[in-house]
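Each of the next two complexes has subunit A plus one other chain: subunit B in the first, subunit C in the second.
Here is the complex of A and B:
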C-alpha cells in the first residue's frame, strides 16, 4: 500500500480542527457521563451510588455555571442560590402533584418565574454592593426558606414534598432515573455551550469590564443596570432549572436542604475550581460534591467515619484557597504546560541523540 | 387571643403615608438646603422609627383590653432578653472581625459551639467534685473555660490560617471561614462524641418579679444573670475600644490596615486579639444560649449566626453601636410579631430588614464612604 502523505495530512488537520473546537471537551464530558449510564443499563456492575453521585454533580454543575457568571464575570457575590433552587423544586413538585401540569409548561413557567426573581434581586443589587449584597441575598434565601417551611399547602412544610411522577402530554409517568440521567447529560452539554457563548460574547466582555472597574465600564458606555440584571437573571434561571432537575432526579425536596450550607457549597465549588473557567467549575463541583458522593463514600474508612470526610472537604477548601487563589484549574493548566514543555525537551534531546545536534 | 383582622392594612397605609410625606419634604424643602444628604439620612431614620412605633402601637391595639396589652408587650420584650444578649454578643464578634480582617466570619458560630461543648464537658466531668460550690459558680466557671477555649481557638485560626491569606480577596477569605465551618462540623463529633451535651441554666432560682410603669413583669433568673454578664462584657469591650491603645489600634486598622501598619500599629497582634475576643464573646453567647435550646448540638449557633449578619447589615458594619441596637431590636420584633403572624415571624422580620436596607443601603447608622475612582 502506498502511504499517501496528502490524505494523511488532511485527516490530521481535520482531527485537529475537531480537537481544538471549543465544544470538544464538553462533548467528551457528556459522552463519559452517558457511557457510565449505558454501562449500567448494559449490565456492567456500576454501583448505583456512583451513578446518583454523577447525576447530582451534573445538576450542581448547572447551578454552579450560573453562579460563575454572577461571581466570576459580573463580580457579584450572592448567597441566595439555595433559596432559588428550592423554588425550582417546589414549582415542579406542586404543579405536577396538585395541578397535573405538563413538564414543558412547567419548564416555561420556571423560566418566567426565574426571570422575575432575577430581576428583583438584580434591582436590589443596584443599591447594595459587595459583602452587603451577599448577606442581603442570604436574607432573601432565609425568607424563601421560611416560606418553604410555612406554606404547607404548596410545599408540605417540614415533612418534605415527594414528586409523584412527571406529566408528559397529560399522562403521569413514573420517574425513570436512567432516562432523566440522559436528559440531564444532554441538558448539561447545552448549558455549557450556552454559558461559553455568554462568556465569549460582547455580553461576557461587558460583564468582565464591569467586574474590573464599574466606573471605567460606565465611561465606556456599558449600562450597569442592564448587565447586572442580566447576570442575576441568568444565574436564577440556571438555579431554578437546576431545582427542577433536582426534583425530577431525587423526587424529594425538604426545606432543610435549602439552607445556608447549600449556597456556601456552591460558592465553594466555584471558588475552588476557578470562577472564570467552565472546566474549572466542573472540577470544583466534582471536588466539593462529587468527590464526597462518589469516591469517599466507596472507601470503607470514610463510610465508618463520615465526620472525617467533612473535615477533609473543609481542609481541602482552605488549602486550595490559600495556596491556589486562581482555583484548581490554574494548577492543572500550569502542570499540563510544564509537562508539555518537558516532553518537547525530551523529544528534542532524543532526536539529537539519534541524528546529532544541528549546531555542529 | 389577639384579633389580627385588618392589622396589616393600617400598617401598610401608615408606611405609604410616611413615604409620600418623605418625598414631599424631600422635593419641596430639602432641595434648597446645602447639607441635604445628612438631613435626608436623619429624616429617614426618624420616619423608620415612626413606622416601627406604629407597628408596636398596632400590636398593642390588637389585644383585648382585659389582657392588659402594655403588660403583655413589656413581658414579651423581657422574655426576649436571653436571645437579645446572645445576638448582641455574637454580632459584636462578627463586626469586630469584619473591621480588622475585612471578611464576614461564617465560622464565628462554630467557634462558639466548640466553646459550648468544652463548657458542657467541663460540667460533666467536674460537677460532682465541685458540687458544694453551687450551680451558678459551676456554670460560671464552665463559661469561663469555654470562653477561654474559644479565645485561644480564635487566635489560632488567625495566626495559622487567616494571616497567611492576606493577599486573598474578601470573598476568598469568606470561603476560608466556610471551610473552617466544615472542619469544625466534622471534628466536633470526633472529639466530643456524637451525643449532644446539656448545659444547666445559670440559676434555677424562681423568676424575679419587678414593676415597670405599673405592670408586674417577671424575668427568669437565668435571663437576669445572662443580662448582667452580657452587659458587663459589652461595657468592658466598648470602653476598651474607646479608651485603650488596643481600641485605638482596632479603629486605625479598621480604617486602613496598610496605613495603620505604617504608623507603627502592630496590626498582626490587633487582628489576632480581635479574633480571640470575637471567639470569647461567641463562647459566652453559646453557653448562655444552650439551656434555652436544652442541648449543645453542632448546628446550634446557625440561626444566631444568620441573625447576627442581618443585625450587622441593619445597623451597618461601619459602626459598633449600630449592630448592637439592631441585635437588640431583632429578637424584640421577633417576639412581638409572633402574636400577629405566628410561624411567619422570621420571614416578616427579614422582610422588614430587607426593606429598611433597600431604603438605607449603608444601614441605620452607617455613613456613606465616598470612594476615589
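Here is the complex of A and C:
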C-alpha cells in the first residue's frame, strides 16, 4: 500500500516533469505541423493552399522570433526585416542557380553574411534610438529593395528570381515540398528552443535590463555596445535563414515582396502576439499571416474581394492593440487563469452540494 | 617600448587573475551543492528499493505470523483510508436525505454495514497467523532471496553514487588546487613586473578622490574636491541640495567623465587602479557597486532574477553557452541562485523571491537594491540616498541592514544622504560639501559642531 502510493507519486512526478518541460509545447506544435503534412502524404485530402499557408507561417515564425529578441528584449525597433529576408532569398537563389553551391555552404555563408549585416546595423544603433532607429533601418531596407530591383545579374530584377533546385553534395535536386516542410518544421523547433534558451539565460536577462534601465544595466556590468550588437546579429541571422527557407519552399523571390509592408507585418505579428513570449509570437504570426492564408483565402467572398481581407486583418490588429496591449498571449493567459479559477469555484460548489459545507 | 609591453602583460595577468578568482569561487561553491544532490538521490533510491523489498515480503510475513513495523503501518493506512471514504459517503448521504425524503435509518444502516464488511475484508486480509515454523522458514528463505536480488542493486547504487561523489570531490579539489597554484604563479609574475608603483595609496585607504572637478558648461558642480575613504568604514557625504554629491558618485562610477582630477581605488586584487581609465560597465569588475537615487529595478524580472542580473559579471559561460544551455551555464545558475537565496534570507527578503517588483513597497525595493549590490562580493558599496522616500520605521530597518551588511559581508560603504539622523548614526566619517567644494571632514560629532557646515545648511548671519 505504502509502496503503491510511492510508485504513483513517482510516476506522477515523472509525468509532470515531462509535461512542464519548457520544450514540451514546442514539440507538440511541431508534431501538429508534421501531422498535417503526413496526413497529406497518407492520402487525406488536405488542400495544398492550407499546407502552403502552414509552411509560410513557420518561416514567418522564425523571422518573428528573431524580431522579438530585438523588440521585446533589447527594446530596439527595426523596420529593416524585409530587406534582410530578401538578402537571404537572393543569396540562395544566385548561389544555386549560377554557382551551384551546396546548400550547407550556403547556410554557412548566410550566417556569416547575417553577422556582418547585423554588426553594421547594430553599430548604427549605438548612436540612434527609438523612432529614429526605425526610420534608419527603414531607409536601409529601401536601399536593399532598390538593389534587388536593379542588380539584375544577381536578382533578375523586377521579373523575380526562380530557384532551380537545391544542391546537395554537387547534385542538383528538384525541390520536394513535402521534404522541405518536414525540414522546416524541425528547424522551427530548433530555433524555438534556441530562442527560449536565449530568453531564459543571463543574455536574455541582460537584454531586458538594458531595455528597462540603461544606467542600471551599465552599473551591473552589462556592456550596452555588446548586447545591442548581439540583439541585432541574432535578429539578422534569423531573418536571413528565414529568407533561405522561404526561397527553398516557395522557390520564387520578387523585390515587391520585400517592401515595407512585410516589415510592418512582422512588427504587427510580434506586437499583436506579445513580444516576449514564444507562444505569443506563434499566435501573432498565425493571426497576421496564417489567418489570411489558411482561412480567409478559403472563403469565396474574401477571394473575390481581396481588399476586404486586408481590412479585416487590420481591424483585428486594431482591436487587439486597443483591448490587449500585452498581446494575444496575455489574453490567452488571463482567460486560462479565469477559467481555472472558475473551475475551482465550480468544484468547490459541487463538493458543497454533494457533501455539505465543512462547518456542519 | 618596454614599459608598454610590461603594461600589456600586467593587464593580461590581472585579467587572468580575476578569471581565476571567479573560477575558484564557483568551484568552491559548486562542490557542496552537487555532493548534497548526489547524497539526496542516493538516499531516495535506496529508500525506494528498501520499500520494494518490504512490500514484496508482506504476504509471506502475514502467513508466517511475523508482524513487522511496516505491516502495522500498512494495515493502519488501509483502515484509515476506509474510514475516510465512509466519512465522505456519510456526509453525501446526509445531504441526499436532506433533499429527498428517504428513510434515514435504513440507508445509514446500510452504509454502516458496507463499511463493516470492508473493514472485515481488510482485517481478514491482514490476519496474522499464529507463528508457524514452516511458514517462517519459507518467509526467511524469501527474505533472503529478495535481499540477494535487491540488496545487490542497493550496493550497486551505493557504490555508484559514492564513486561519483569521490570522483567529483577529487576533480573539483584538483581543479581548485590547480587554480590556486596558477593564481600564485600569476601573482608572482605580476609582482615581478614591478609596475604597481605607478599609483599608490596610503595604508588602509580604499578610495582616493584627488582634486576632482566636474564642470557642466560654466557650472562648477564639483570643484577641486579631495577626500579619502578608509577600508571597512561607513563614509557619508553630505551637503545641501545641488552641492554635487551625486555628481561625485557618477564620476566615481564613470557615468560622468570628470573635467579634471583623479580617482584611485584599491581593487579586488589589492592593486591600485586609476578609475579614470576604466569603462563604465567594467567598474563593477574592480569591486565597486552602486545603487541609484530612484530605485532602478528591472520591472519585467522577478526579485531573484533581479539579483541574478547583478551577478552578470560572475558568469563564465559565453553567448554560445547560453544559446545551447550548456552544462557550465546550468551549474553556474544553480550556484548563483543559491547565493542569491542566501542573501535574500540574510536580509529578510526571502518571501519576495518570486514576486515582481511592481507594486512592492518602496522600503522593500530599496532593500532589494542593497541585496543586489552584495551579489558580486564588492569591496566598496556606493549608496545614493538610501533613505530617500522612506518613512521613519523603514529608515530604521535600513540602518540595521546597512550595519549588518558591513559586519557580515566585510565591505566598505560610501553613502550620500539627506537624512541627518541616519548619517550621524551609522557613519564613521562624514564629509560635508557645498557648491562642489569641501567644507569639513571628520567624525559625525565634529561635523555637527562645525561652524562652516552649520552656515552652509542654515545660512550665515
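Quick note on the criterion: the second predicted complex is superposed on the first by the 351 of 360 C-alpha atoms of A that agree within 3 Å, B and C clash if a C-alpha of one lies under 4 Å from a C-alpha of the other, contacts with A are read in each partner's own complex, and residues count from 1 in each chain.
Here is the rule we go by: contacts are C-beta pairs under 8 Å (C-beta built on N, C-alpha and C of every residue); 3 or more make two chains touch, one makes a residue touch a chain.
The structure displayed is predicted, hence computed values, not measured ones.
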Clash or fit, subunit B versus subunit C on superposed subunit A: fit
First, second, both or neither for A:65, with subunit B first and subunit C second: neither
First (subunit B), second (subunit C), both or neither touched by A:6: second
Touching partner for A:223 - first (subunit B), second (subunit C), both, neither: second
First (subunit B), second (subunit C), both or neither touched by A:356: second
Partner chain(s) touched by A:276 [first = subunit B, second = subunit C, both, neither]: second
Touched partner set for A:167, first subunit B, second subunit C, both or neither: neither
Partner chain(s) touched by A:215 [first = subunit B, second = subunit C, both, neither]: both
Computed vertex angle (subunit A) for partners subunit B and subunit C, CA, steps of 10°: 110
Partner chain in contact with A:131 - subunit B first, subunit C second, else both or neither: first
Contacts of A:198 with subunit B and subunit C, given as first, second, both or neither: second
In the superposition, subunit B vs subunit C on subunit A residues touched: B
Shortest span in Å between Cα atoms of subunit B and of subunit C, once chain A is used as the common reference: 7
Interface residues of subunit A shared between complexes with subunit B and subunit C: 213, 215
Complex interface listing, subunit A residues touching subunit B: 71, 77, 124, 127-132, 134-136, 138-140, 142-143, 146-147, 149-150, 213, 215, 259-260, 264, 267-268, 271-272, 305, 307-318, 321-322, 325
Subunit B residues within the subunit A interface of the complex: 98, 103-104, 106, 161, 164-165, 167-172, 174-176, 178-187, 189-190, 302, 306, 309-310, 312-313, 317, 343-344, 346-347, 350-351, 353-354, 357-358, 361, 373
Residues of subunit A defined as touching subunit C within the complex: 1-4, 6, 10, 194, 197-198, 201-206, 208-209, 211-213, 215-224, 230, 276, 353-356
Subunit A partner contacts - residues on subunit C that touch it in the complex: 48, 51-52, 54-55, 70, 73-74, 77-78, 88, 91-92, 94-95, 98, 253, 255, 279-285, 289-290, 292, 296-301, 305, 308-310, 312-313, 315, 317, 319, 322-325, 329, 372, 376
